[in-house]
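In the part that follows, the structures are each spelled out as structure tokens.
Two complexes are shown next, each including subunit A; its partner changes from subunit B in the first to subunit C in the second.
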Partner chain A sequence: MTPAVEFNAVSRHFGTVKAVDGVDLTIAEGAFFAMLGPSGSGKTTCLRLISGFEKPTAGGIRIFGQDVGAVPPNRRNVNTVFQDYALFPHMTVRDNVAYGLMVKGVDRRSRLEKAEELLALVKLPGYGERKPGQLSGGQRQRVALARALINEPRVLLLDEPLGALDLKLREAMQDELKALQKRLGITFVFVTHDQHEALSMADSLAVFNDGRIAQIGTPEDVYSRPQTRFVADFVGSSNVLPPELTAALGGPSKWASLRPEAVRLVPMGHDGTVKTVRYLGAGSRVVLEIGGTEIAAMVPAGQPIPETGAQAAIAFDPRALHVMAE
Partner chain B sequence: MHSEQAGPGVKIAAGLGLAFLHLPILLIFLYAFTTEEKSYQFPPPGLTLQWFGVAWHRADIWPPLWLSVQVAAIATAVAIILGMLIAGAMAQTRFFGRDQISLLILLPIALPGVITGMALRSAFAMMDIPFSVWTIILGHATFCIVIVYNNAVARMRRLSGGIMEASADLGANGFQTFRHVLLPNLGSALLAGGMLAFALSFDEVIVTTFTAGQQSTLPIWMLNELVRPRQRPVTNVVAIVVFAVTFLPILAAYYLTRDGDATAGAGK
Partner chain C sequence: MLGTPAILPERGIGDRLTALFWRRPRVLLALLLIPPLVWLGVVYLGSLVALLLQSFYSIDEFSGVVKQEFTLKTYAELFRAQNLDIILRTVLMAALVTLASAIIAFPIAYYAARFARGRWKAVFYLGVMLPLWSSYLVKVYAWKLILAREGILTWIADHAGAGPLLARALDEQWFGGASLSTSPVGTFIVFVYIWMPYMILPMQAALERVPATMLEASADLGASRAQTFRSVILPLALPGIVAGSIFTFSLTLGDYIIPQIIGNSARFIGLAVYQFQGTAGNLPLAAAFAVVPIMIMLVYLGIARRMGAFDAL
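== the complex of A and B ==
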């Protein structure tokens, strides 16, 4: 099967800034793909390379097998949900949604009918007459989504789609986007800096750091088997153990990662000092200092919580210790 | 210590200042109705409407009026097109020397008209361009562009840059984006800029003096007319017309741009 998007050693340099640097990437058709990374890591530039608003300074990009090097954004069968939604302020919601069909020359009646269909799909039926300025953030986002879907793109790009929404709305939209993607069966590529969002929505993801891909795989892969210290730290704030500590805890003398939820506090064992205790509802996050390294442990609710400054020790299943290449 | 209420002395001074600025304009209106035609005598010995009729039938008024309208309209059209293009370049791209170029664009309005006029006159002479309606239009366009540019660039900066990309993303070509997205959002700013430019061009004297050949525009006709003590109130009638033609567009421009934020900034 032809992949939806293929990057072959793609770089995008702005002068001396290497925004994207030698990225190889394959996104399967029908995937819900996340590009995860801190700001400035190159994920948004990668998205803009797919939509065509950036041109690679080196390497080649294929969309469904077609080399898009010379294809401008308006001729790519790819649509974008922009971060600030970028709705046209002077048009009604219906005209916004129908815009893609209008510029194609579809007659007014059919395009407005189709726009109504899409407004129903994003659960905004009857909002067609309003102006974007009269909508809430969540509603604007749905309009942006409907507008991007009207041309029936084979790849939908979403740039921090949930970034501007409040927590509750964000969680509801995560489920909805996921359901929508399943129903439409088209490839979704979304950019986010929120690891929870990436882990919960994507079926595969790429972690970006400094213009390069640090790791690519399923959420399970990336979360449980981080390949680098950066990934371990950025995706779900894992404990990163230096080689000496790994060895002291019974592992090989290599960098390793250890999930806080795999760490138990026990009466006896390797000694450390409790530095902070944070109550999180479902449990408490206890940070110990052991041999100069901070180790976080998730203590489930109901178990005894040590005082700050107290001595405590840790234990864990040796299989939970994940040894990393670097 | 800022007090909300100004003292009575300040209020009176402000009132006198405003009166000094605006009473002469009222006097011009008043003298359009006077019965005495040789000197501006105050108070006027009597009031009459006859000068409006006289002005209407004076054949020497119409060519300068028509010329002024023509010059202002064409200079404004040139300014709208060029001003919009410059604004687009300045608002959307960053390049070396951008701030310096922005200053150069604003210069014609900051420079005294005499300088602009002299510079244009010697430039036209050097290039062997005969002085005509077109040289007047070019002269006026130099400062009209600034007005349009200022309005357009302010609006473009407020527009969410994403809407142009969104348009391209949805399949629109450059012209469609301009027609359906940029122009509707820029429209009122361009109209306002255009009206101000029209008003500015319509009563311009200095640059016109330097760039005109034998033609005289309405303001220049008025200047010549004031020297001659014949049917003086006719000049005042024309002054009222000039006032209306220039003041109304400025008023309209003010109202058009005042609510601009609501239409342009709603994307966020």
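== the complex of A and C ==
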């Protein structure tokens, strides 16, 4: 099967800044693919390379096997949901959604019918007459989604699609986007800096750091078996153990990662001092200092929580200790 | 810090006024608004009303004295062939000047809004504003020299081999003349030059407010550059274009100096007002002429509103 998107040693440098630097990437057709990374890591530039708003300074990009080096954005059958939605403020919601068909020359009646269909798909039927300025953030986002889907793109790009929404709406939208992607079968590529979002929505993801891909795999892979210290720290904030401490805790003398939820506080064991305690609702995150390294432990609600400055010890299942290559 | 007071001591008149304005926000608003309202209401609107009143009086044709009786006779005079001629000529000139300004200003404004950064932005503002700092009369006389038969434009045309073409154009009865500086084409060129900054600046401000992602969204959805221009850039920049055109249009409608110095001495509204209130001593007709641009601008704004120019405000 031809992959939906292929990057072959793609770089995008802005002067001395290497926004994207030698990225190889394959996104399978029908995937829900996440590009995860901190701001400035190159994930958004990668998205813009797919849509054509950035041109690679080196390397080649293929969309469904076809080289797009010389193809401008308007001829790529790829549509984008922009971070700020970029709805046209002077047009009604219906005209916004129908815009893609209008520029294709589809007659007014059929394109407005289709727009109404898509508004129903994103659960905004009857909103066609309104102007974008009269909608809430969540509604605008749905309109942006409908507008991007009307051309039936082969790949849908989403740039921090849920970034501007409040927590509750964000969770509801996550489920909806996932369901929509399953139903339409379109390849979704979305950019986010939120590891929970990436882990819960994507079926495969790439973690970006400094313009390069640090790790690529399924959420399970990336979360449980981080290959680098950066990935361990960034995806779900794992504890990163230096080789000496790993050895002291009974592992090999190598860098290792240890998930906070695998760490238990016990009366006896490897001693440390409690530095901070943060209450998170479902539990508390207790950070201890052991041999100069900070180790976080998740203490479920209902269990005793030590005071700051107290001595405490940790224990964990040795299988939870994940040894990393670097 | 412990030991500092919960309420800080008052530091004099500034703090007392701040407290007053905080307790009664309307006092500040009133203080700010009264001077401009007096100016606008009494000095500005008052004189406008006085002008309107004058236009409803008429002049006694034998004695030349203004009869202070309400009549529409003076307005009827506007429709005499020679006066109607003046109005149509002025409106046509203003429309052409506005159109040409908009077409020339757009690329400049677009460049400044989208691409110019840092130093180039400063160069842009300087370049656009610089002509406004020098005297209007000096500029118009400078153009008289540029457009003269011995001037640089004719010289360039001769040396570029376009001399015969220019001569043919000047032979045209409709807009030609003995030289560029004594033809309506010359008047047109100078009007466009003089009012250009008033078109560029609001246009640039409007274009600057169109987010770049809007243009990307349009391209993303399949629009060509021309389609994006027509469906996104133009409607969103329309308030700025209309604002600029209000300047160029109304300034051309009212100007009486440029047609006096450059052109074939055909009269424009401004010149007619100047002459009727001065040498001819016909204040009512001058007032009636002065009302014409106001009416035209009202119609113009009405059309602009119909076209949705103010929808995005």
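Everything that follows uses one rule, which is that the second predicted complex is superposed on the first by the 326 of 326 C-alpha atoms of A that agree within 3 Å, B and C clash if a C-alpha of one lies under 4 Å from a C-alpha of the other, contacts with A are read in each partner's own complex, and residues count from 1 in each chain.
In this section, a contact is a pair of C-beta atoms (placed from the backbone, for glycine too) under 8 Å apart; a residue touches a chain by one contact, two chains touch by 3 or more.
Treat the numbers as computed from the prediction; the structure is a model and nothing was measured.
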(request) In the superposition on subunit A, see if there is space for subunit B and subunit C together, and answer fit or clash. (result) clash
(message) Let me test your reading of the model: by the given contact rule, A:151 touches which partner, first (subunit B), second (subunit C), both or neither?
(response) both
(request) Have a look at where A:79 lands relative to subunit B and subunit C in the superposition and call it first, second, both or neither. (result) both
(message) Contact-wise, after the overlay, does A:102 reach subunit B, subunit C, both or neither (first, second, both, neither)?
(response) both
(message) Is A:90 touching anything from subunit B or subunit C once the two structures are fitted on A? First, second, both or neither.
(response) both
(request) Give one of first, second, both or neither to describe whether A:141 is in contact with subunit B, with subunit C, with both, or with none. (result) neither
(request) Based on the superposed arrangement, let me know which partner A:132 touches: subunit B (first), subunit C (second), both, or neither? (result) first
(request) Mind sorting out which residues of subunit A both subunit B and subunit C touch, each in its own complex? (result) 51, 53, 72-75, 78-80, 82-84, 86-90, 99-100, 102-104, 147-148, 151
(request) Could you please specify the touching residues of subunit B with respect to subunit A in the complex? (result) 160, 162-163, 165-173, 176, 180-181, 184-185, 262-268
(message) Looking at the complex, which residues from subunit A come into contact with subunit B?
(response) 51, 53, 72-75, 78-80, 82-90, 99-100, 102-104, 131-133, 147-148, 150-151
(request) Going by the contact rule at the top, pick out the subunit C residues touching subunit A in the complex. (result) 211, 213-214, 216-224, 227, 231-232, 235-236, 308, 311-312
(request) Report the residues of subunit A in contact with subunit C in the complex, numbered from low to high. (result) 51-53, 72-75, 78-80, 82-84, 86-90, 99-100, 102-104, 147-148, 151
